[in-house]
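There are two complexes below, and they share chain A, which is joined by chain B in the first and by chain C in the second.
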Partner chain A sequence: MRHLPALLLVVAIAYVLALTLTEAPAFGGLDVPARNEVMRFYLDEELDQAGIPNTVTAIIFDYRAYDTMGEATVLFTAVGAAAAVLAGHAGKLVARPMAATDDVILRIVSRMVIPFVQVFGIYVVVYGHLSPGGGFAGGTILGGSMALYLFVFGPKRTARKIPPAWGEIMEGAAAFWYVLVGLGGVLLGANFLANAAAGVPLGVQGQLFSGGAIWLIGLGVGVKVAATIVNLLVHLAGET
Partner chain B sequence: MIGWFGVGCLVFLLVCAIVVARTRDLLAATIVFAAYSLVMAMTWQQLRAPDVAITEAALGAGVTTLLFLLAIARTRRTEDESA
Partner chain C sequence: MLSLDLFLRLNYLASIMLFLIGLHTMLTHANLIKKVMGMNIMETGIFLFLVSIGYAHGTLSPIIRQSGPEQGLIYTNPLLAAIVLTGIVIAVSTTAYALSIIIKLYEQCGTLDVDRLEKLRS
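Showing the complex of A and B:
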């Protein structure tokens, strides 16, 4: 019975939380807090201001491009932390560095699947302003395809296909590219990362090369995310 | 609104989440977590958030699973009872 006070406390807290649920607006209803003037502004004005059909991508890479730059740079921290921790514990890990698999099915199927996954990843990155997706999603798919290669063929062959230095250079170059695109806005006489406001031509709506700087930023983020995933997994997989 | 398909997805998510938390075999937990992510991606699609759905499928079901698998490959497969 010594758990009784704790049980009573949990029930009381659950009761209060359930009470707040009854006050919540209906799911998908017209009075949800997200349905306010900000949402209406984006849906009404985005097509004129950023000129791309995918409003989500417009918010991420145009209206909130500065926040996205911070998000992209956070990935450096992830790779850096993984590398630092793993370097300090290299001898203490239970298992040896990962080896390639002998499974014939895995080898042949992944060899056939990886090119299609990569094409889809490039498509999601490049068409991020027209269809769902964008730099983050497409970069993850690209990085995932290379991670599959690492899993099936082992770190040694992966290092021959993608030298570790390349991954690091790509990651740094993509982050630098983002800042360069941002400085382009300054050079044109507007704010950092300004797009249409700086006079960048938006192109014809719905075409591949449209949306101005959004397309360039999405490309950089795609490369950056893919390189980050590869670097992270290569560090984790062990010595090459 | 959420139809019967969405309700089924949500129940599946709940069961997956409980299984992931309860199981001692980390490899099994990782695979159930991948299934969780896939159904979560379907749920995002049902909620008309295709951008989130693609990211969930690629990151949650793909890269996170690989990350966990690599961590298991280089450490232990089961949770330490004494720890």
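Showing the complex of A and C:
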């Protein structure tokens, strides 16, 4: 009988949250407390300091690049921990390993769709500093295309197309690449992961190769997130 | 009066509902995978709340069009988008790790029911 205590707890939390709701500012107004001087600083100064139009990418890959490195490490640790937990899960009690689908329509449609999804993912990674997107979003799209391949064609064929060692090497190399770009700032005489402050040329605003280190970091994060998703799914799908 | 207020705060209300649905799912369901689903629903509620704080009516996406502070263009708050990105990464990591532990647990114990797992231990 855990239903009654659970319901009571949920009702109590609902009451507290409903009280805060009556005090909350109206949705979509310009007087929300979050629209403060920090937001104004980023919106006003970002284009001159980081040299790219996309403010969100500038925040995560330039102003808070160190924090984003920690975030990438969290993903890295999650994959490592999942691999460690699942090591040698040959699956005695698991009914059967994930198999390829027999559905012809699914196979043909996914074969047609996957290249377009991958091109779009690469576009989102590479143009993440100019238009909405970035390393995380594009990497997820790229990883999603490979996840579709895994679900449709099964782990065996996926392991032939993308050998598991490749995924692990790509992931480690991308994490190392991030640190190397950061150390580039130190070599140029500024802080770790410094971009414009270290004298990295920002290029012409609006061009593909602009924003200095942001573009390099975004590329590394895109590769890393795609490799993370593939590695995770391969581990979860079981031994090949 | 109250109904009008709630209508103005519909996004916050929806995020609270999602949070509570997820919490209730986590507390009442015995299946571990459903608990992970509940955790994900809770996280979705929090992401909706953060994104709703950042949004304002009639604003542009934070892709800066012109340099300088006085440009007459009002943008959506970019900070909340960056925070939600961090949150999504953490959510993916915790979900993946939880699912891998669940797979191992099912292999070892043959069940995902919390009550039966507790009986197995004693």
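Heads up, the rule we're going with is that the second predicted complex is superposed on the first by the 217 of 240 C-alpha atoms of A that agree within 3 Å, B and C clash if a C-alpha of one lies under 4 Å from a C-alpha of the other, contacts with A are read in each partner's own complex, and residues count from 1 in each chain.
Keep this in mind: a contact is a pair of C-beta atoms (placed from the backbone, for glycine too) under 8 Å apart; a residue touches a chain by one contact, two chains touch by 3 or more.
Fair warning: this is a prediction, and the values are worked out from it, not measured in the lab.
Enquirer: Check the residue A:Ala165 against both partner chains and state whether it touches chain B (first), chain C (second), both, or neither.
Expert: Neither chain B nor chain C is touched by A:Ala165.
Enquirer: Let me test your reading of the model: by the given contact rule, A:Ile59 touches which partner, first (chain B), second (chain C), both or neither?
Expert: The second partner, chain C, only.
Enquirer: Would you check which partner chain A:Gly144 touches, where first means chain B only, second means chain C only, and both and neither mean what they say?
Expert: Touch partner of A:Gly144: chain B, not chain C.
Enquirer: Have a look at where A:Phe27 lands relative to chain B and chain C in the superposition and call it first, second, both or neither.
Expert: Both partners, chain B and chain C.
Enquirer: Does the superposition put A:Val124 against chain B (first), chain C (second), both, or neither?
Expert: The answer is first: A:Val124 touches chain B but not chain C.
Enquirer: For A:Leu17 in the superposed arrangement: first (chain B), second (chain C), both or neither?
Expert: Second partner only, chain C.
Enquirer: Does the superposition put A:Arg2 against chain B (first), chain C (second), both, or neither?
Expert: The answer is second: A:Arg2 touches chain C but not chain B.
Enquirer: Now for A:Ile105: first (chain B), second (chain C), both, or neither, which partner does it touch?
Expert: neither
Enquirer: With both structures placed on chain A, which of the two partners, chain B or chain C, ends up touching more residues of chain A?
Expert: For chain A, the partner with the higher number of touched residues is C.
Enquirer: What is the contact status of A:Phe136 with respect to chain B (first) and chain C (second): first, second, both, or neither?
Expert: both
Enquirer: Touching chain B in one complex and chain C in the other: list those residues of chain A.
Expert: Touching chain B and chain C on chain A: residues 27-28, 54, 56, 93-94, 132, 136, 232, 236.
Enquirer: Which residues, counting only chain A, touch chain C once they are in their complex?
Expert: My answer: residues 2-3, 5-7, 9-10, 13-14, 17-18, 21-22, 24, 26-30, 32, 34-35, 38-40, 42-44, 46-48, 53-56, 59-60, 64, 67, 71, 74-75, 77-79, 81-82, 85-86, 89, 91-94, 130-132, 136, 232, 235-236.
Enquirer: Hey, which residues of chain B end up touching chain A in the complex?
Expert: 1-2, 50-51, 53-55, 58-59, 62-63, 66-67, 69-71, 73-76
Enquirer: Which part of chain A faces chain B closely enough to touch in the complex?
Expert: Residues 27-28, 54, 56-57, 93-95, 97-98, 124, 132-134, 136-137, 140-141, 143-144, 147-148, 151, 229, 232-233, 236-238 of chain A touch chain B in their complex.
Enquirer: Inside the complex, what are the residues of chain C that reach chain A?
Expert: Within the complex, chain C touches chain A at residues 5-6, 8-13, 16, 19-20, 23-24, 27-28, 52-57, 61-65, 67-69, 74-75, 77-82, 85-86, 88-90, 92-94, 96-97, 99-101, 103-104, 106-108, 110.
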